[in-house]
């Protein structure tokens, strides 16, 4: 028989003013398993807590019920109280007699009846309470950052600054991401390379950061504090240690030219290449698909010309396995492919280009040396039409969201055009202008008033390709007129979308993504960099479109979270989590499929001697205790500690016979 | 005096339970007929528990959690919503009046709303009991 | 122009019901208007017609725009909010015709004649339609030279080709249409429950 | 022989006689048997759908029902009729109430099992096209118009803004299509053929001018309404050039070796004889 002590608090007159406390105590004494019941004016005060401790000791109680304010107020307080008396802290239940009784009922008799019932409820539950042990896990004090755009770079630098080791994995041959492709950056118009390159170099030189470029994460096992990750370092065919970055190989490579991804396809590159001159590391890779040697077995020019003997055609992909305590996902974005916009020419009209292509053109280090040339004939365009919200805010194209940066980058590009070519005309079609950052609205105003960029409110219906110009059919809804513009070039502000294969990575990590494919944060307001998987964090555009200032701010926030995690001695995990009884489990996978946190593994287990079956197992450090699995298990094989079926059943019985 | 009606409220710890606490902080009065059982999340609600409540003689059951999209455990209330739809049909089939089983969303800041919900449920269950 | 905004306008509801479109989903981007081939002739561009409906402005029924709409479906095809603008134009025309409020006389006249031809012969009898249209719209000699040329090329015949009249069918259709203005779309709408944030009670 | 229920539509009996003539002529060669729907009635055109939803579905349903009873696909050479048939088919399939109402007024339920095709689709799918003569050097702009391409549900091509099927046909006949021609789906104003001819002049004029700017020798069409706007009204538009407008069936006919008169080319207002002789196609 359990020995429960019941302690009813007056809370001054807060409870006692409405509830006849003595009656509650009297009734509690008659309940099964209750050894003592008493009341006190302020149970949470020091004398109150001491009363509980002393009674536990004197009466050798093994369970406690406190009738007081909401458990959301003082459950923890009283857990610590009984722990001090030598009890397991989870052998406590609270009857909420204040928020749920005395403060919401005025009629004394019925309020007292209800209070009696709630105490009975708590006693019934506590009878079934098991002692629970706090769970601890070790922490591997290293972080993995996936993606080397500005988000990943900033996060890696900040984590390293906190004194932890970081591995930065980048899929491309160089870090830098999209920011390295940009010319100037709004709203201050500082040059993107000038502010980014020093950070890239800092990454390379930081002794706490291991940089793995041309590499990808292939497998992730484990849980917070203890992730085990397989990283595939793709064969570069150039030795990282020998190469001195002289570039002779690229110069001499006779391969057919490929469109350069870095230059947004407006220029070409060789088979052996570094994406751009300031690349970090500044070591080329051989793209197997374009290399003649790999196709025909003949060539080897690069090997011949290399002064350092760095070219090595026999290199193979290499899998590196490492342990990390935390993972930061910073995989960035891709641009919407406008070839699904038939009305804008299916991406086939040469003089209809994207904003990113314009960035490459306008960049003095870019393939046109900073000159804007229209692709069809290389002519300098006079009238340029910009169309906003292409592949954004367009339900028909399956992209309902706003991409957040294109209003601003369009304004920036229109400004740059007017600055480069004072005789040019820039016309922007917009639906709304979203300029809610610091200095952004002022920037837009400047572009309109000082730089004379014409803004027309409306979407463009179609671009017609004429002999030597484009005809843009739009509307200005403000004046109510259709407009037709003879343009030399059209720039589409294509929206941001999740990186291709972003969903694969999500599945590896068990993190969620929204209907648009962006990774989901744990809470949109209060946990914007955490994910539902403990120990996995987000930074940058992989979570949602954002500009550089927001990306950097988020990355630093992420680094702070990682620091907070890694700085702990060990991890303490709430014990109110699920547990499987393998004898009852049928291996149906219901719980496995339902768990929002991927906390369940199906594992071959020896159930009885000689009987091995695949049954569910709860990953202790991953489970958050939501109970979704429990409610779905037909075999009643899985239960949630602290909220077990039996506990709830007992409570139901008590209330149901009123 | 005839026995008054008796309702069990299963409230999610993060939203509705906190909402009910707020009702108290704001001293909004509601009928005593409801007794609240705290649950971690509506996703924990096994339909069997609700059947059990009716089986044991409860007059009404209320389940309340976070608004869709606000679940503390991201998706628990969606599971509940799906289970609820099935359960509703089952209870209908078993001849349990729909007024006796209600589900709703109440957030931690909707103290006033919680009182309204309780009043409505109590009224509904009373009206059912009268015609019984 | 001044008018009172009527958010609960009956007219708007009728258009929405008959066309099975939600005018409030339009965010006034103007893409419909930008591409409308007849826009230059219209008194209100298509997006403004939708706007007037949003505001419950029943003057829409007097607009010329629906009558100038060529039913080319450009607007419908390109609307980013997937609104069937052309169908809304149809609906306004249907309502305006039943209420005798068509802003452009010629077109309902042409319709009537066209339908009469159909009702009497089961097919369209061009010479009859052209002749009668010119007569009723008082454009007596319009298209006569073209008609003669067509005739000479053996393209127009002076006697109607009849496959029997459709009086019975037309009568049944009219009866059915007059009996109730109902909304026939019974397609089940799939609601993504994650979208509706604040579903209060079930 | 591939059998299909044939719905010629009102225009093929009058303004577009030559379309009907050339259709019948080439289909025989291609192994397609056109079984004309008995006593078919008009599809209702634009007039029906701006008058009553029920009428717009009921009129085409009468023909669909006939084809369904005979278990045949239905085809029309007229884009307007095709569009009405197809849209009615779609509406009737997804809208139960409408289907019941229509069944009541026409006295028979259309179940929705008939495939609705434009003549072009029948030829492309089932026709055995073996050109005898290459249309070398003939630059052809394909004009698709609105009704064959919009709304997207009816369009036989995924690229609704730049359909390719007629262009591909031109290529397969040895001709030279005008590629990425922007005006191929631009509205010609057909609905206003009689009531507002100024609109027709303007819209059709833009189409003709752009085709000329892109050096097209001729335009092919797949709809009698487009044809009469671009051909019969071409003189009224007052251009400083003229450009022959052919039905695509006539173009196929030429490649199959039929003669000018046989294909009804004489019935056109803008004669193509000069052009065709110049290219050695007659």
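Lettered A, B, C and D in written order, each chain numbered from 1.
We take it that contacts are C-beta pairs under 8 Å (C-beta built on N, C-alpha and C of every residue); 3 or more make two chains touch, one makes a residue touch a chain.
Only a predicted model underlies this, so the values are computations on that prediction, with no experimental measurement involved.
A.B. asks: Mean of the CA atoms for each chain, then the mean for all of them together: which chain is nearest?
C.D. replies: If one averages C-alpha positions chain by chain, the most central is A.
A.B. asks: Select, from A-B and A-D, the pair of chains that is joined by more C-beta pairs in contact.
C.D. replies: Higher contact count goes to A-B.
A.B. asks: Where the CA atoms of chain A average out and where those of chain B average out, how many Å apart are those spots?
C.D. replies: Roughly 34 Å separates the two chain centres.
A.B. asks: Provide the C-alpha centroid distance between chain B and chain C, rounded to the nearest whole angstrom.
C.D. replies: Each chain's C-alpha centroid was found; their separation is 50 Å.
A.B. asks: In angstrom, rounded to a whole number, how far apart do the mean CA points of chain C and chain D lie?
C.D. replies: The answer is 23 Å.
A.B. asks: Of all residues in chain D, which are in touch with two or more distinct other chains?
C.D. replies: 160, in rising order.
A.B. asks: Would you give the residues of chain C that are in contact with at least 2 other chains, written as numbers and ranges?
C.D. replies: Expected reply: 74, 194.
A.B. asks: Taking each residue of chain A in turn, which ones touch at least two of the other chains?
C.D. replies: Correct list: 343, 462.
A.B. asks: Taking the complex as given, what residues does chain B use to touch chain A?
C.D. replies: By the definition above, chain B touches chain A via 3-4, 6, 8, 13, 17-18, 20-21, 23-25, 27-30, 32, 35-41, 43-47, 49, 52-53, 56-58, 72-76, 79-80, 83, 115.
A.B. asks: Over in the complex, which chain D residues touch chain C? Could you list them?
C.D. replies: Where chain D meets chain C, its residues are 10, 13-17, 39-42, 44-55, 58-59, 94-98, 101, 104-106, 146, 150-152, 160, 186-187, 189-192, 194-197, 199, 203, 232-233, 236, 266-267, 269.
A.B. asks: Can you list the chain A residues touching chain D in their complex?
C.D. replies: Touch residues, chain A against chain D: 342-343, 345-346, 348-349, 462, 464-467, 471.
A.B. asks: Which part of chain A faces chain C closely enough to touch in the complex?
C.D. replies: Chain A reaches chain C through residues 343, 393-397, 431, 457-462, 473-477, 480, 482-483, 515.
A.B. asks: Applying the document's contact rule, which stretches of chain A touch chain B when the two form their complex?
C.D. replies: Chain A reaches chain B through residues 70-72, 96, 98-101, 103-107, 110-111, 113-114, 117-118, 121, 512, 520, 522, 532, 576, 594, 596-597, 624-628, 630-632, 640, 643, 645, 648-649, 651-653, 655-658.
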